[in-house]
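What follows is a set of structures for review.
Two complexes come next, and they have one chain in common, chain A, joined by chain B in the first and chain C in the second.
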Partner chain A sequence: MTTELFFVQLINGIQYGLLLFLIASGLTLVFGVMGILNLAHGSMYMVGAYLVWYFATVTGSFTLSAILSAILALALGILIERVLIQRLYNRNHLDQVLLTIGMIFVFNSLQSILFGNDPYGVAVPSTLDGGIPFTENSSYPIYRIFAALICVSIAGVLYYVVSRTRLGMLIRAGESNREMVEALGVNIKSLYTIVFAIGVMLAAVSGIIAAPMRSIVPGMGESVLITCFVVVVIGGMGSIKGAFVGALLVGLISTFSSVLMPSMSNMIIYIFMILVLLVKPQGLFAK
Partner chain B sequence: MSRMKTLLCAAMAASLATTAATSSAASDPVKIGIMLPFSGIYAQLGEAGRDGLKLALKEQAADLHGANIEFIEMDTEAKPARAPELASAMLGQHEADFVIGPVHSGVAMGMIKVLRGKDTVMIIPNAGAAAATGPLCSPNIFRTSFSSWQPSYPMGKVALDKGYKDVYLISWNYGMGRESLEAFEESFEAGGGNIVKKVLMPFPSTNFQPHISDIAAQDPDAVFVFFAGGGAIKFVKDYDAMGLRGKIPLLGSGFLTEGTLEAQGDAAEGVLTGLHYAEQLDVPKNQAFREAFNTEYGHYPDIYAVQGYDAGLAIADTLNQLSGDVSDKQAVISTMEALTINSPRGDFTFSRAHNPVQNIYLREVKDGANVVASIAAEALEDPARGCKL
Partner chain C sequence: MIFEKRTERILVPMFFMVALFLPLFLESNSFFVGKVTTIIILSIFVMSLDFLVGRVGLITLGHALFYGLGGYLFVILAPEYEAVNFWIYTFYICGISALIALITGAVVLRTTGIYFIMITLAISQMMFYYFFDSLEFGGDDGVFIFMKPETSIFGLSFLNLDDPQHFYYLTLFSLFNTLVFFKVVLRSRFGRIVEATKQNPDRTEALGYNIFIFRLACYVIGSTLGAYAGFLFALQYGFVNPSFLAWEMSGTALVMSILGGLGTIYGAILGTFTYEGLQYLFEHLTEEWLLFMGSAIILMVIVLRKGIAGYLEKLLEK
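This part shows the complex of A and B:
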C-alpha cells in the first residue's frame, strides 16, 4: 500500500467510524442511563432513512425532510417510552430483549406495508453534490465530508450536554442512583422519557444522514445493529467517550482489513472485540 | 412462525367454466406448488414471479384441455434452512405435480435435496446457482431464468472488444458472486485479458468505499462486478460519488442495474451490463406481455415476472401437448424438454441440463433505462459442468 493510498483509507476509516459513532451513541446513552437494552435501535435507524426518503420524494427538499423526520423520530421516541418501555424499568433484561425484538418485527412489517419492499435511494442535496479533487483520478464527495462534520458536531454537543449541563448532571446522577435522584425531588420519569427519545432521535438522525450514501432497503436496521453493539461493547457500555473511540477503532479496522484481507474482514472486528474484552472485560472506558 | 398458507384458486376454474367437462383431468386438478419468498428482503421478487406465472396460465387457459389448476403457495422467506421441510410438504402432503421456486440459490439447494429425481417437476424461476443445472442436474429439474455463468461470460469478450486489457473484479464472497466473476475471467483471460485484482467481500457487507479507493489507486482499464439489490444501488452510487464514473468504465452482470435504476439515478448512466432480458427489448412478445401484465396488475413487469411467466408458459405448453393429462411423469418431462418457449426475452429452448439456451443482451444505461446496445452472445448455452444427463 502506497503512502497516498494509506491516507485515503485513513480518511475512509475515520468517516465510517464517525457515522458508526452517531448510530451507537443513542444505544449507549439509553443503556448507560436507563439500563434498557434496546434491540430495536437499528429499527430507529431504518425509520430515519425511510422517513427522509418519503418526505424527500414528497417535498423535494432534503433539508426540510431531514428536519421533519428528526422531529417525528423524537415524537416516536416519546410515544414508545410512554407506552412500552416504561413498563420495563423494574423487569430484567430478558423481558426488555423480548419486547424490543418484538418491536423489530413490528417496524419491519410497518415498513413493508407503508413503503413496500423495493430498494430506494435518496439523492444527495444539490448544494452538497459533487466532490473535491482528491487523488489523481478520484475525488472525495462533499456530502461525505459534510456528514462527517455533522457527526463530529453531534459528538461535541452530546459530550457537552452530558458533562457540563444540569440535564447532563441529572442523567449522570440517575445513572448511579435512581432512587436518590427521585428522593431529591427530580422528576425521573420525564427525565427517562427525554433520554430515551433522544436516543431514538440519534439513531434516526444517523439514518437520515446515511440515507444519501446508502440504499434504503428492508432489513437495513438489523445490519447496523450488530456493528453498533460491537462498538458499544468495545467502548464500554454507557460511555459516550467509549462509543466515540470504539466507533473510530472499528471504522479504521474494518476499512483497512477489508482492503488488506477482504475474506477475513468480517471476522476481524469481532477478534478485536474479544482481545479488548480479554484485557478490559468492561470495555475501554467503562465506569 | 410458520407462514405457510394454502390458497385454492377458484379463478382458474371460473375461467374454464365454458369448457365441456369431457376431459377426465377436470376432476383431478393439476397441482402447482409455488415456493417463493413473500416476506423478507426478496418479497418483491417472489410476488413478481408468482404474478407472472399466474398470468401465463390465465392467458393460456384455452389450451389446458379443461385441466383444473390448483395453486398451493408457500412463503420460503428466502431462508435456506426451511427449504427442505417446505419442499417435503409439497411432495408428500400436497402431492404437487409442479413446484415453482425459488428466488434464492441457497433455498434452491435445499429444495433440490428433496425434489431431485422425484416425479414432481421443479421449475426454478430465478435462482442462478450453477449446481442446479450442473452437478445436481436431474431429469425433473428445469430452469426458466439463467445460470450464474450466462450473464457474465459474454462480458469478458465485450471488455476485450472495447479494448480493455486490465480489469479489476469485485463481488460478494458467495455462490452467485464467485460464479459470476469466474465466468467473466474465463472468457476474458482466454482472449488475453489481464485481471489486475479480484476482491471477494463478505456478504452482505456494503462498505465499498475502501475498495473504490483501491480501484482508483490501481487505475485499471475497467471494473467488472456482480452486485444486486441494495448493494448494487450503493456500489453504483459510491462509484459515482468517488468520481470514478466516466473515468474507469463500470461493467457488470445485469443485476447491477435491474430494478435499481430509479434509486441509482444519474450515478448509473453509462454502466454496461449483460443479461437475458431488458425491459425495452424490441421483441413483439415483450410489448404484448408488458401491456397484458400492466392491465392485470396495474404496474409494469420486471425480469422476475418474465421468468415466472415463462415457467407458466412451460407448464401450459406441456399441458397443451399432453391434452391436460400429467399422470405420466416421463411424458411430462420429455414434452417439456423439447419445448420452445415463446418468451418476452425472445424464444428459448432447454439445454440437456434443462437450463435456457438464450440470448444475452449487452445493455447500456441511458436516461435511466437499460438500453439494448447489441446481442452479446446469441443462443448461449451454459456448459453444465458436472451434469450427467
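This part shows the complex of A and C:
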C-alpha cells in the first residue's frame, strides 16, 4: 500500500466512521435515556435519504431540501413516540423488538409505495462539487470533507447539549434515575418525546448527508442498522462517547479491510466486535 | 400428564388431529401440502427459539445461524450425486451443530442482557457473510441439493422423501416429537432448575447450581433442534442459500414466537401458523402486503400482551 493510498483510505475511514457515529448516536441516546431498543432506527436513516431525494428533485435546492427533510423527520419522531413508543415504557425489550420490527415493515412498504423500488442518486450541491487536489494526479471530493465536518460539528453540538445545558442535565438525570426526576416535578413524558424525536432526526440527518455520496436503494436502512448495532455495542450501549470511538474504529477497520483483504471485509467488523465483547463484555465505555 | 394447561389439552390434540388428516383432503392440490409442510418446519424452528427465549431467558437474535447450518452442513457432508441415509445424516448434522453450539455458546453466554442479543447477532452475521462471500458454497445463490436422502432402516424403507405427502408426515412427526420432548424436558428436574435460573439466577446459584452449565446445555438443545429444522427446510426445497441465516430470519422467528405467546412452547405453532397465514392472505389480497403485515404486528403488540396463547388461556382457563 502506497503512502498516498494509505492517506486516502485513512480519510475515507474517518469520514465513514463519523457518518456511522451520527447514525449510532441517535440509537444509543434513545437506548441510554429511555431504555428503548429501536430496531426501526435504520428506517429513519432511509426516510432521511428518500425525503431529501424527493425534495431535491422537486425544488432543485439541496440545502432547502435538507432543512425541510430534517424538520419533517423531527415531526415524524414526535408522532411515532406519541402514538406508538409511549405504550411500551412498561413493557419488556421483546415487545419493543416486535413493535419496531413491525415499523420496519411499514416503512419499507411505504417507501416502495411512495417512491418505487428503483435506485436513486442525489446530485452533489454545485458549490461543493469538485475535489481538493491531493497529489499531482489525484484529488479528494470536497463534499466528503464537508460531510465529515458537518458530522463533527453535530457531534460537538450534541456533546455541548448533553453536558452543558439544562436539557442535557435532564437527559443525564433521566438516564440514572427516572423516578427521582419525575418526583422533582419534571415532565418525563415530554422529555422522552424530545429525546426520541432527536434520535429520529439524527438518523434522518445522517441519511440526508449520505444521500449525495451513496445510492438510495430499498433496504438501505437495515444494512446500516446492523452496522450501527456493532458500533454501539463496541462502545457500550447508551454511551455517546463510546459510540464515537466505536464508530471511528468500525469505520477505519471496514475501510482498510476492504482494501487489504476484500474477501474477509464483510466479516471483519463482526469478528472485531466478538473480540471486544470477550475482553469487555459490556463494551469499551460501559456505564 | 405433560400438558398442564387446559388450553394445551384442547388445542394440541385438535391441531394434530386436523394436521394428520389434512393431506387426505388436499390430495389433488399438493401446493397446499407443501405450504403446510413449510409452516410445520418453521414451527419446529420457532419452538426451539421459544424454548431459549421464553423458558431459558436467552434472547438470541442469531438463531438463524443454526437454521442455515442445518442446510449447509448437509451440503458440506453429503456426496453430491449419491443418495445418503436420512437418519445417519440427521445424526451427523445434529451432532456437529450441537458441537458448534457448545463452542459458540461458551463464548456468547459470557455476556448477558442486551449484549447477549448483540453478540448472537454478530456471530450469525459473521457466518452469513462467510457463506455470502464464499466461492465454494455458491455465494449469494447458494447450493442445490440434487439427491434427496433415502430413509431405510435395516434395509426397510417406508418413507420416500420425494413424495410431498411422505415428507409432510415426516415433518409433522418431527414437530410432535419436538413438542413432547420440550414438555418432558421442562417437567423434569433439569427443567425445574432451568426455570429457577430464569426466575432468579442469584438464588439458584446460591443453592449450588452452576447456572452457566444449565444455560449452555439449553443453548445446545435449542440450537440443535433449530439446525434440524433448517436441514428439513433445505431438503424440502432442494437448496440452501445465505438467506437461511440472515438476521431477518431470526427476527421473523422471534416475531412468530412472541405472537404465539412466549414461553408456552405450543404457542410457537399458533404464532407460526398465524403469521404465515396472514402473510399468505395479504400477499394474495394486495401487492403491498408488507404494509398490512407490519400494521398487523404493531396492532398485536399493543392489543395482545401475552400473545395468542395468552389470550386463549384467558378465555379457557378458570
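Note that the second predicted complex is superposed on the first by the 285 of 287 C-alpha atoms of A that agree within 3 Å, B and C clash if a C-alpha of one lies under 4 Å from a C-alpha of the other, contacts with A are read in each partner's own complex, and residues count from 1 in each chain.
Quick note on the criterion: a residue touches a chain if its C-beta (ideal position, glycine included) is under 8 Å from a C-beta of that chain, and two chains touch if they have at least 3 such contacts.
Nothing here was measured: the structure is a model prediction, and the numbers come from that model.
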item: Partner chain in contact with A:Pro281 - chain B first, chain C second, else both or neither; value: second
item: First (chain B), second (chain C), both or neither touched by A:Ile101; value: second
item: Contacts of A:Phe134 with chain B and chain C, given as first, second, both or neither; value: first
item: Partner chain(s) touched by A:Gly116 [first = chain B, second = chain C, both, neither]; value: first
item: Partner chain in contact with A:Pro218 - chain B first, chain C second, else both or neither; value: first
item: Partner chain in contact with A:Ser263 - chain B first, chain C second, else both or neither; value: both
item: Partner chain in contact with A:Arg144 - chain B first, chain C second, else both or neither; value: first
item: Which of chain B and chain C A:Leu79 touches, first, second, both or neither; value: neither
item: Common interface positions of chain A, toward chain B and toward chain C; value: 112, 263, 266
item: Residues of chain A touching chain B in the complex; value: 2, 4-5, 8-9, 12-13, 15-16, 112, 116-121, 123-124, 131, 134-141, 143-144, 213-220, 223, 254-256, 258-259, 262-263, 265-266
item: Chain A contact footprint on chain B (complex, rising order); value: 39-41, 43-44, 173, 199-202, 204-207, 209-214, 216-217, 219, 229-234, 237-238, 241-244, 247-248, 259-260, 262-265
item: Contact footprint of chain A on chain C as seen in their complex; value: 53, 59, 107, 110-112, 114-115, 117-119, 121-123, 125-126, 129-130, 132-133, 247-248, 251, 254-255, 258-259, 262, 288, 290-291, 293-298, 301-302, 305
item: Complex interface listing, chain A residues touching chain C; value: 31, 37, 39, 84, 87-88, 91, 93-95, 97-99, 101-110, 112-113, 222, 226, 229-230, 233, 237, 263-264, 266-267, 270-271, 273-274, 277-278, 281-283
